[in-house]
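The letters A, B, C and D name the chains in turn, as written, and every chain counts its residues from 1.
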Amino acid sequence: MNWHRYASPANFKRLSDRLMPWTAGGAAVFLAIGVWTGLFASPADYQQGETVRIMYVHVPAAWMSMFVYANLAVAGAAALVWRHPLAEVAGRAIAPVGAAFTFLCLVTGSLWGKPMWGTWWVWDARLTSVLILFFVYLAYMALNSAFDEPERGARASAVLALVGAINLPIIKFSVDWWNTLHQPASITRLDAPAVDPSMLVPLFAMAVGFTFFFLAVALVRIRAELLERRLEALRHARVAGSTIVERA
Amino acid sequence: MNAALALVVRDLRLALRTPAETLTILAFFVIAATLFAFGIGPEPQALARVATGIVWVVALLACLISLDRLFQSEADDGSLDQLVLAPASLELLVLAKCLAQWLTTALPLIVVSPIVATMLQLPAQGYATLLLTLLLGTPSLSLFGAIGAALSVGARKGGALLALIVLPLYIPVLIFAVAAVEAQIAGLSPRPHLFLLAGFGVFALTITPFAAAAALRQASE
Amino acid sequence: MAAFLDMGGYAAFVWPAWILSAVVVASIAMTSVRRLKSLERELAEVENGRGERP
Amino acid sequence: MDSNPTAGLKGRALACRRGGRTVFQALDLRATPGDLLVLRGANGAGKSSLLRVLAGLLAPAAGTLDWDGEAIGEDPAAHRARLAFIAHTDALKPTLTLAEHLHFHAALRGASGTNVAAALDAFGLAALADTPARFLSQGQRRRAALARLLAAPAPLWLLDEPTNGLDAPSVDALARAVARHRAAGGVVVAATHLEFAGASARTLTLGAA
């Protein structure tokens, strides 16, 4: 299975055209189920009341922020080990989507925290770790576009994605360690709420819906990146006057 | 081995010949700390409460500032090619650069830190542990900083790219170090935090050579 | 209907959360597709030699 | 030198891609011990890129590169040990003296410092041994960079525009050094516009597409 042929925009277009109906369709179906069961067809939580509905977007967003980062690290490894152009382009394409979901997770976390804990931001171990993950996304995107040559940016940020992937568990541990040290008695220690079965359906539907959505958008964004690389190469070629060997 | 040693000696000689660089880092360290005093107010109790955190955050930022030129200066004058093309392993040379940077930046910071801690009214029983945490923690700052510096060689100028890359990696060092000193001040044992701090240092020591060397090889393509 | 919209008194938190999610998802989708379309147009021009913008 | 058919540098169907475009491709080159290979071509034709490929800094997009019949990728450290690479920039630190530079360079490459004095002398820099680099003129800085070739001897010389900024006597000094190196069985690959090497130089022109 030679992955290299998908690096050319034309081949990748055929692949994404084949996959698009499944990914976009899956996203539409699961998100519809999620919205319906999340907002309308599930009971309020006996303890948190209606605010539990925020969890149906907050938790899937948290899942997406980690899922996309895992993809970023895998793409990074592929870019560094096999120097595969598709892996280099994929990193740059999906990082903003991961950052957007992480931002969404932070804001919905804050919206959930306000009624629960009375403040917009709580240095809860989980929320703090998501905040740090958000910084790592910003660092990845900044490093990726900090070079004139796209390949250089892609490979440098690939190294950062891997260094980040190794460090994130340790950072998570140190934040938990820090949190337990400074556990203010005043804020009730909100453990993960008891998730009774009726909540599982919307939670699961939204998470799967987001994942399908991410795959669909990734296909679109990777195609766009491949085209941009091609455009860049054409402009370089025009300047240098050297011929381009293979056409799209 | 003597290639790495030669590199450390050269960098120390360069630092001694331009002491201004080290002195400006130290000046930043002291000035930034005093800014916190202006911000928080002069009452000793108020300052003592946050002294450890301030000293460590400002030391961390001072270390970060000194790393910006660690490899970029080599790339600018063409020395980077010679380092990458040296028969000795680039991973070893990266550690040599980190050691030289630590000696020329972190060590002076550690020497000056008691003065800054005094200005910030750090409780007396905290000084020994503060110095110990600085000794154990600053190597990690130099090591992870070197990865950031290597990654940003050749990047477009300006902005806090290095800070954005490196600061998240500094969080565990800051947490364990401050926790150790505050435990000591509270009369508890700082040992668990110190072990974690040292353990994190060993972790940094293992991954930095490979990550930074890979980044430098990319930079000199 | 009003009771539903009120969200047990937490309307000010539940609705913004969901609306923001919709906005984020929609804007990701739109910007990505629009960018792809404009790049396709631009590439078509450049490859056929019409678009001379460097 | 024995007339071993595979001795020296041999490149087959080398290709190099930078910034998504092909800088050169299907390029063959050969430089046996005692040879001087001069690279010609317009700016941007890929002379510097080719030198970086030969040095192992830049992986070729295609093709193979052998030294004495063995692919250079087999033992990168050995390849790094056998080459001296002089790029456009002079790699000089303003506050270090010339002697310190050459001693550091020798130590970096695992060579003893015994050749430093001779290296300085060969390029007429003996009197400036203890002068910090910031006092030197452009030509003197270039000669100091070239002196590295003699301070840390290596069979394969890769020179990128070595004669930039050199005055006539310095070009002669370089020509003499190159001639001595070739006589001793060394290989020299140089990207240059000047005819400094004299007789029996092979020429490879890039970008003649």
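The rule is short, and it goes like this: contacts are C-beta pairs under 8 Å (C-beta built on N, C-alpha and C of every residue); 3 or more make two chains touch, one makes a residue touch a chain.
Because the structure is predicted, anything quoted here is derived from the model rather than measured.
The chain with its CA mean position farthest from that of chain C is D. Separating the centre of chain A from that of chain B, both taken as means of CA atoms, is a distance of 31 Å. Distance between chain B and chain C, defined via averaged C-alpha coordinates, is recorded as 42 Å. Centres computed as Cα averages put chain C at a distance of 54 Å from chain D. Averaged C-alpha coordinates put the centre of chain B at 37 Å from the centre of chain D. Shown for chain A are the residues in touch with two or more other chains, namely 230. Each of residues 221 in chain B touches at least two other chains. Looking at chain D, residues 59 sit in touch with two or more other chains.
Every pair of chains meeting the contact definition is listed here: A-B, A-C, A-D, B-D. If you check the complex, the residues on chain A that touch chain D are 83, 149-151, 229-230, 232-233, 236-237, 240, 242-245. Of all residues in chain D, only 52, 55-59, 77, 80-81, 83, 85, 87-93, 95-96, 100, 103-105, 107-110 touch chain B in the complex they form. Residues 18-23, 25, 44, 59, 207, 209 of chain D are the ones touching chain A in the complex. Remark: chain A residues 80, 132, 135-136, 138-139, 142-143, 146-148, 152, 155-156, 159-160, 162-164, 166-167, 170-171, 173-175, 177-178, 181 touch chain B in the complex. Contacts from chain B toward chain D in the complex involve residues 2-3, 5-7, 9-10, 13-14, 17-18, 76-79, 81-89, 217, 220-221.
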